[in-house]
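One chain, subunit A, links the two complexes that follow: it is found with subunit B in the first and with subunit C in the second.
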Partner chain A sequence: MSAGADHGTKPMMDQLIVQSLILGLLQGGLYALLAVGLSLVFGILRVVNFAHGEFAMLGSFAAVFAVTSFGMPAWAALIAAAAAGALVALITNVVVLRPIYLSRMRQKGEYTIIATFMLSQFLIAATTVLFGTTYRNLPGLWESNLNFFDYVYLSGNRLVAFSAAIVMIGTLFWIVYRTDTGRAWRALTQSPLGASVVGIDIHKYANYAFLVSGAFAGLAAGLLAPLMFVFPSSGVVALVKAFIVVIIGGMGSIGGALAAGLLLGVVEVMGTIFVASGYTDAYGFALMIAVLLLRPAGLFGKMGRAI
Partner chain B sequence: MSVPIEITDLRVAYESDVEILRGVNLCAAANTMTAIIGPNGAGKSTLLKGVAGVAPVTRGEVKLGERRVEGLPTVDLVKAGISFVPQESSVFGQMTVAENLRLGGWHRRSERDWLNQRVQACGALFESIRPYLERKAGDLSGGQQKLVEIARGLVGEPSLLLLDEPTAGLSPVMVREVYRELARLKERRSVTVLLVEQNVREALEVADRVYVLAMGQNDTEGTAEDVSERLESIVRNWMSREGSGVVS
Partner chain C sequence: MNGFLPLSRRAMLATLAGAAAVTILPTVSFAEDDIVLGLVSPLSEPGDVRSGEAIKKTADLWIKKINEAGGIIGRKVKLAVYDDQGKVEVGVSAMERAVTEANASAILGVWSSSVTIGQMEVAKGYDVPLLAFYSWSDEVTSKNYPQVFRIGPYNSQIAAQMVPFVKERGYKKVVVLAEDTAYGLGFAKAFEEAAKSLPEVSLEVVQFQAQTQDLTAHMSKIAASQPDAVIVQTVFAATNLSIKQGREVGLKAEIITGWDWPLLPDFWSTVGDAGVGVIYPTFSDPSMTVTKVGQDFIDSYKAAYGSDPAIFQYYLWDNFNAVKAAIETTKSSAPADLVKALPDTKFEGTIGPVFFRNEAGTVNFHQWDKFAMFFKKLNKVGDGEAQAELVYVVK
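For the complex of A and B:
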């Protein structure tokens, strides 16, 4: 290769790296938004919620129907997605999980896993029966491709999705560290017994956690819908991504979920562009396995468990 | 305002086939300190947990003043004036000591001036934690964390204080601090205290009345002086019993 060719290749490579890095971060913001609710619920209630992906899937269906059946604008569809996710999550907590907490059975944790897994399968089957297996799409809020200084090219929808994700996670941080609800959640995370003896209403704050978890999952799916397809088993993909993020970031950590989401997005995009394009999901799994081997408690370790 | 407590035929079972408490009776007048002693597995801690709403009561009555409170959720029990300091660690490790204390007044958190004053007052109770109010509670020693829990239990100005082995794992200096505070509480006569203790002699020194449990039931009871005198025979009786009190 000639010196002139080297001069031409390096700036192109730099541009590709910057472009992939930004794309990865944008994708990662959505992964973080998907995962943060799963992490919140695990931190507060020690519930590994296998139905979390279906909160997202039902949110994206609500967004699609809000636009296609009711003619709502795209921004209203996002509110519908968040509301649907929140409602299903709240019902899940009250109808499926609360009877398990209140029972005197052993191994409640294992029963919550089984119950949420069965609920997940039920929701996928019910959605398939009701709406079929058609792949659906949703118009985005900003359907244009943006050119930044002829150097970075981004989809407007991705930028909107990332901005919304960061705003929502920032809001969650504010709730956790500045409000009574957040204090109650932190207390429950750090010592369920302590929270109980000081008189924190565990059921009330568990409901709030599920509402937020479902709303975030629904909103994330609504934001992803213009970039991907909506179908009954799309929640499985969302759940897998959310689990990878939560395991990498440290279960129960909101900050960890944000950092891990961004990291996962960057690793996936970088791997797809610079290693091989057919293994996008495999890069995430490889990262998760590496974290499990080197830091089993997640990148944010023990500290992260305090949400 | 302090209230009397009357416990009648209280039964607690964590699972339907394992009854830990098998009909315990206890009566404590307002503003008194009652020690509950007994061998391991007697059901002392379970009794406090049953009263505090963190263990499932299957039968019996708990009357706080004139009000029946058994089976109420812990939220309502705290509002009713019951404060429980469990034996197990219940400190919020990632929060500062001051934040821990503030959570002790959770049910009255909207009364900010009152709460600030209570946090200050309870933060000053124990010399071993007084300088560390802004430090994370999880960074303190196990003994200091226990003192934080006791101070937190007093923030809400409870009418009934349930202390489950408050000196377990504490250094002799801290044990003295705890008993100094218990003596002060007794002197002020502002709260009814049920105290479960393994340090029997220290407990007898501050208690007005003593209940002895064995195998999930009442064994004997009396004034602190009376039980002190009979202590040797009571302990001999414990040693002669078999099993832990868990009945399956």
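For the complex of A and C:
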């Protein structure tokens, strides 16, 4: 190798390390936003929601139609995404899940998994039939490719998405730890029966949890849509990532979801760039298995239920 | 009593499930005298549904036109449609059902190379002809199965045709971004082999998972290596994502798509400005000779669906006509008879005479390959086939 080549390679490697670290963190923020809704519902109701990815997918379709059919601006499309995700989540809770988790049947957990999995397949199929399989794009809030000193390259939309994700997760922290709704949720995680004895309306707060969970999923998808595309099965990968984040962070832990999302994003991007490019998903699974072996409750999880 | 029968949730769910099953299961009852052709294609996710829909449209049109003309050897032709979902195991099972349930005389419409390679074992086991058209893996014909035919291009031929293009453009560093399928990795391997004739060109292969929705890490890695050109070999969402996300992370190289997906309707709406400068290879050009059969196909397709067919649909049309020619030659729709007749079948295809090369021990076994390859550049947003600049032709 010539001296010139050597001099050129190291700065390039440094640049790639910085670029990949930033990309990983930005990606991780979105993973966390996708995962907190899943974690919230699990923490409060012990429902493992396999349709969470489809709440996100439907949110992104709502955002696309808000822009393309109604001419709404990009920021309004995000509200439409959150609203659509929240609405579908609420309907799912009332029609599909509530009869299961309030029933006296055993194996409620298994039934909720089966029911939400079937719902997920139904929503993908129905969306395919209704809207077709064409890839759709959503304009973002900052449609620019940014170049920082010819050293780091990012899209403006990715920065917007990450910032919004951090703000939203911060807002959820505030709701959980500083509001009556949060206190009710935390009471439900400890003892649903005890909570109802002291006057907490389980139906009402379960509905709130699903509304927030669906809104977060829809919003995350609306933020991701300008970076990726919108199509009927786009929620499948989102769900897998969200589950990995929830398991690594600890089931039901919002703080854990944030930390795990960032960690997953960095591990995936670094692994892809510096280890082998063909195993992006495998790095996440390997991380998850390692965490399960060393700390089965997740990095920030507790053996009991909590949010 | 309000006049309605009480319906429990369980009964309602059972009814809905039953109705769904009836709707989903393919209809496999045909009149005894009908000739049945199996269409096994990606019609739902995670398969390449965009292409699956185009395949289905082509097949439906061919069946309609043939039956309007009196069928084949006086018998009506029916299509038994099965969805392979782009998954090997589903495709294999779907093909087995097409053969055993619908008694299909031949299987057409297969798409993904990985799925086709799995289905070839079924074709061999049941001695049923399997006709491929856009499954590019060399293995499809290099395995030399007597039942397998291809009217369409294949990886090593396309790779070999890309070499003079790379030389003509003066690229010194080329990256192949390949999805981890028989098609993607098959092309990468074939191109590595073909590019040995260009020792001055440095070549790197970057592999990725076919279903990925985020290629920023891969594209960052590629951008950092500062190549002159990136050849993208993929089928799924990564098609358009690789272009958009590549530009997002500062990739300055020319992007060459592995096939002519920039002509699909979702290209410009999803890629936007990032699509300007993209070069795509295609097998069609206004200068290409279209036969009477081809023109009739184009006119019928436009009348039926309001748009021009893509080139791969020409090849599929020829696939169907190959089966028709074999049935007419043998006066039989028995799969084993067609397997024997197809290698020597000759007929007028959409862009010229179609016949199979039958060079045993090579990829050119039961293979038709008389096509030219055109490289076209998109110079502004919204450019289509008519506006794209022809930058190179390999004949």
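We take it that the second predicted complex is superposed on the first by the 287 of 307 C-alpha atoms of A that agree within 3 Å, B and C clash if a C-alpha of one lies under 4 Å from a C-alpha of the other, contacts with A are read in each partner's own complex, and residues count from 1 in each chain.
The rule is short, and it goes like this: a contact is a pair of C-beta atoms (placed from the backbone, for glycine too) under 8 Å apart; a residue touches a chain by one contact, two chains touch by 3 or more.
All values reported here derive from a predicted model rather than from experimental measurement.
Visitor: Kindly classify A:G194 by the partners it touches after superposition: subunit B alone (first), subunit C alone (second), both, or neither?
Guide: Only subunit B; A:G194 stays clear of subunit C.
Visitor: Tell me the contact category for A:T133 with respect to subunit B and subunit C: first, second, both or neither.
Guide: It touches subunit C, and subunit B stays clear.
Visitor: Is A:N147 touching the first partner subunit B, the second partner subunit C, both, or neither of them?
Guide: After superposition on chain A, A:N147 lies in contact with subunit C alone.
Visitor: Return first, second, both or neither, reflecting whether A:V237 touches subunit B, subunit C, both chains, or no partner chain.
Guide: In the superposition, A:V237 touches subunit C alone.
Visitor: By residue count, which of the two partners contacts subunit A more extensively, subunit B or subunit C?
Guide: C
Visitor: Which stretch or stretches of subunit C touch subunit A in the complex?
Guide: Against subunit A, the touching part of subunit C is residues 9, 44-46, 49-50, 53, 180, 206-209, 211-214, 216-218, 220-221, 223-224, 237, 240-241, 245, 247-250, 265-266, 269-272.
Visitor: Which stretch or stretches of subunit B touch subunit A in the complex?
Guide: Residue list for subunit B touching subunit A: 13-16, 52-54, 56, 73-75, 77-79, 83-86, 88-95, 99, 103-104, 106-107, 109, 149, 152-153, 156.
Visitor: Show which residues of subunit A lie in contact with subunit C when the two form their complex.
Guide: Answer in residue numbers: 12, 15-16, 19-20, 23-24, 27, 99, 124-125, 128, 132-137, 145, 147, 150, 153-155, 158, 227-229, 231-234, 236-237, 268-269, 272-273, 276-281.
Visitor: With touch defined as at the start, can you tell me which subunit A residues reach subunit B in the complex?
Guide: 104-106, 180, 183-184, 186-187, 190-191, 193-194, 196-201, 303, 306
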